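One chain, subunit A, appears in both complexes that follow, with subunit B as partner in the first and subunit C in the second.
Right, the complex of A and B next:
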């Protein structure tokens, strides 16, 4: 049985992937908090992923072509993240904002994994009683 | 894919910790040398060091890490102090003092500490997320 074919698990998997990618962008923003001219980046909301919006990747016609490293693995980046402040050096990363985004992401991740576990438990119950 | 991204956050944050440590080291050097004058007559004293960061695309991690771009020297003028008995005093009796300002160094130190803490926070958050994934296997 393929859990990925059950709607809920597919959705939860996509959500976990999305949150992991968002956390990666938070980490990039935080470490570049003192890099001149660095702009904070964020992903588009999860709703837009659900609407089937997918970024267009450059086609690779040879195995030697490099994979785009700017890609956030299937999730689209927001054109311009909502910024709190820009310093005179041109850096637009607010550590406070990134900390909030990070804890939001962690909490959403915890919620999704809990739901995942609960659904597995329900499936188990169904198997046992079936 | 998900684990890749979470694993990458640890490497990214690690680069941040390293860069901020370097910055702290330079601040410590500056503060330690705040009174290092020359030993020869009219010679230049210690010149303040500066750190600049740059983002760097790491293809292995697939993310923009941070690195110390350059440890430069502050070109601002030295302060002069009148002390004719000092070995570094010039003909008029003035000694060149380092262009280190403890207040600026302390501010830089606080800023580095804050950025360091933020990277540590990211590591903690990512580790909490990873633990949740491992817990899924246990259930």
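Right, the complex of A and C next:
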């Protein structure tokens, strides 16, 4: 059974991937909260994914071309994330901002998973034996 | 959710039956306590639609509810719908699916019962 063939599940799956990636970036930012010259990174908004904008990839026109080492499933990173403050050492990670982003991500994740579950439940209900 | 009033269904059903049996059904409906609630609806219903039409309308209403719920869910997943909207529409869709499934089960059950009758 491939749930990805149903529109809603496909979108929900993409959204969950996006949120996981964003959470990873937030964690990286927090880890580097004291690294000099490190700038906080963030993903582009989910709208750009919705509009079908995918990351640019090199086309392989011959079998001799090297395969890209970057993951193809990634989402676009925002070129210039909105930074709140920069310390004298050049570090531009604001822990408060990361906390906000983290809780946003968590809320969206919970909403998406519960919607996913509800829809699966409805499907299950429909094909249950009477 | 499917809008359903027992009086309406009974009236629509009775209107679709033959005159003799219909008269019987009407006297039964008058005797039941539910009839006082659905009497005014019942007259209107028998005038405007038969049982099949009623089912048709309910089913298309149910499909509409599900579509609305899917639309709101998609908006919520992309972060554009308010939580209360999502809860309301998803719960409505769930109730609709439950009622449709219940009615379907009853119909299949009735069919099987009829098929079991020894002629």
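A few comments on the model shown:
Heads up, the rule we're going with is that the second predicted complex is superposed on the first by the 111 of 130 C-alpha atoms of A that agree within 3 Å, B and C clash if a C-alpha of one lies under 4 Å from a C-alpha of the other, contacts with A are read in each partner's own complex, and residues count from 1 in each chain.
The working rule: a contact is a pair of C-beta atoms (placed from the backbone, for glycine too) under 8 Å apart; a residue touches a chain by one contact, two chains touch by 3 or more.
The structure presented is a predicted model; accordingly, all values stated were derived computationally and were not measured.
Considered on the superposed subunit A, subunit B and subunit C are sterically compatible, since they fit side by side. Of the two partner chains placed by superposition, only subunit B is touched by A:99; subunit C is not.
More residues of subunit A are in touch with B than with the other of subunit B and subunit C. In the superposition on chain A, A:33 makes contact with subunit B only, not with subunit C. In the superposition on chain A, A:121 contacts both subunit B and subunit C.
Applying the stated contact rule after C-alpha superposition, one finds that A:90 touches neither subunit B nor subunit C. Within the superposed three-chain model, A:15 lies in touch with subunit C and out of touch with subunit B [touch as defined at top].
Between the C-alpha centres of subunit B and subunit C, as seen from that of subunit A in the superposed arrangement, lies an angle of 140 degrees, given as a multiple of 10. Our summary of the superposed model lists a minimum C-alpha distance of 15 Å between subunit B and subunit C. The intersection of subunit A residues touching subunit B with those touching subunit C, taken from the two complexes, comprises 121.
Put simply, subunit C touches subunit A in their complex at residues 70, 73-74, 76-79, 83, 86, 90, 93-94, 97-98, 101, 104-105, 108-109.
Remark: subunit B residues 1-6, 8-9, 12-13, 15-16, 19, 23, 52-55, 57, 59, 62-66, 111, 114-115, 118-119, 121-122, 125-126, 128-129, 132-133, 135-136, 139 touch subunit A in the complex. Remark: subunit A residues 7-8, 11-12, 15, 46-47, 50, 108, 111-112, 115, 118-119, 121-122, 125-126, 128, 130 touch subunit C in the complex. Within the complex, the subunit A residues that touch subunit B are 16-17, 19-21, 23-24, 26-28, 30-36, 38, 66, 69, 73, 95, 98-99, 102-103, 105-106, 109-110, 113, 116-117, 120-121.
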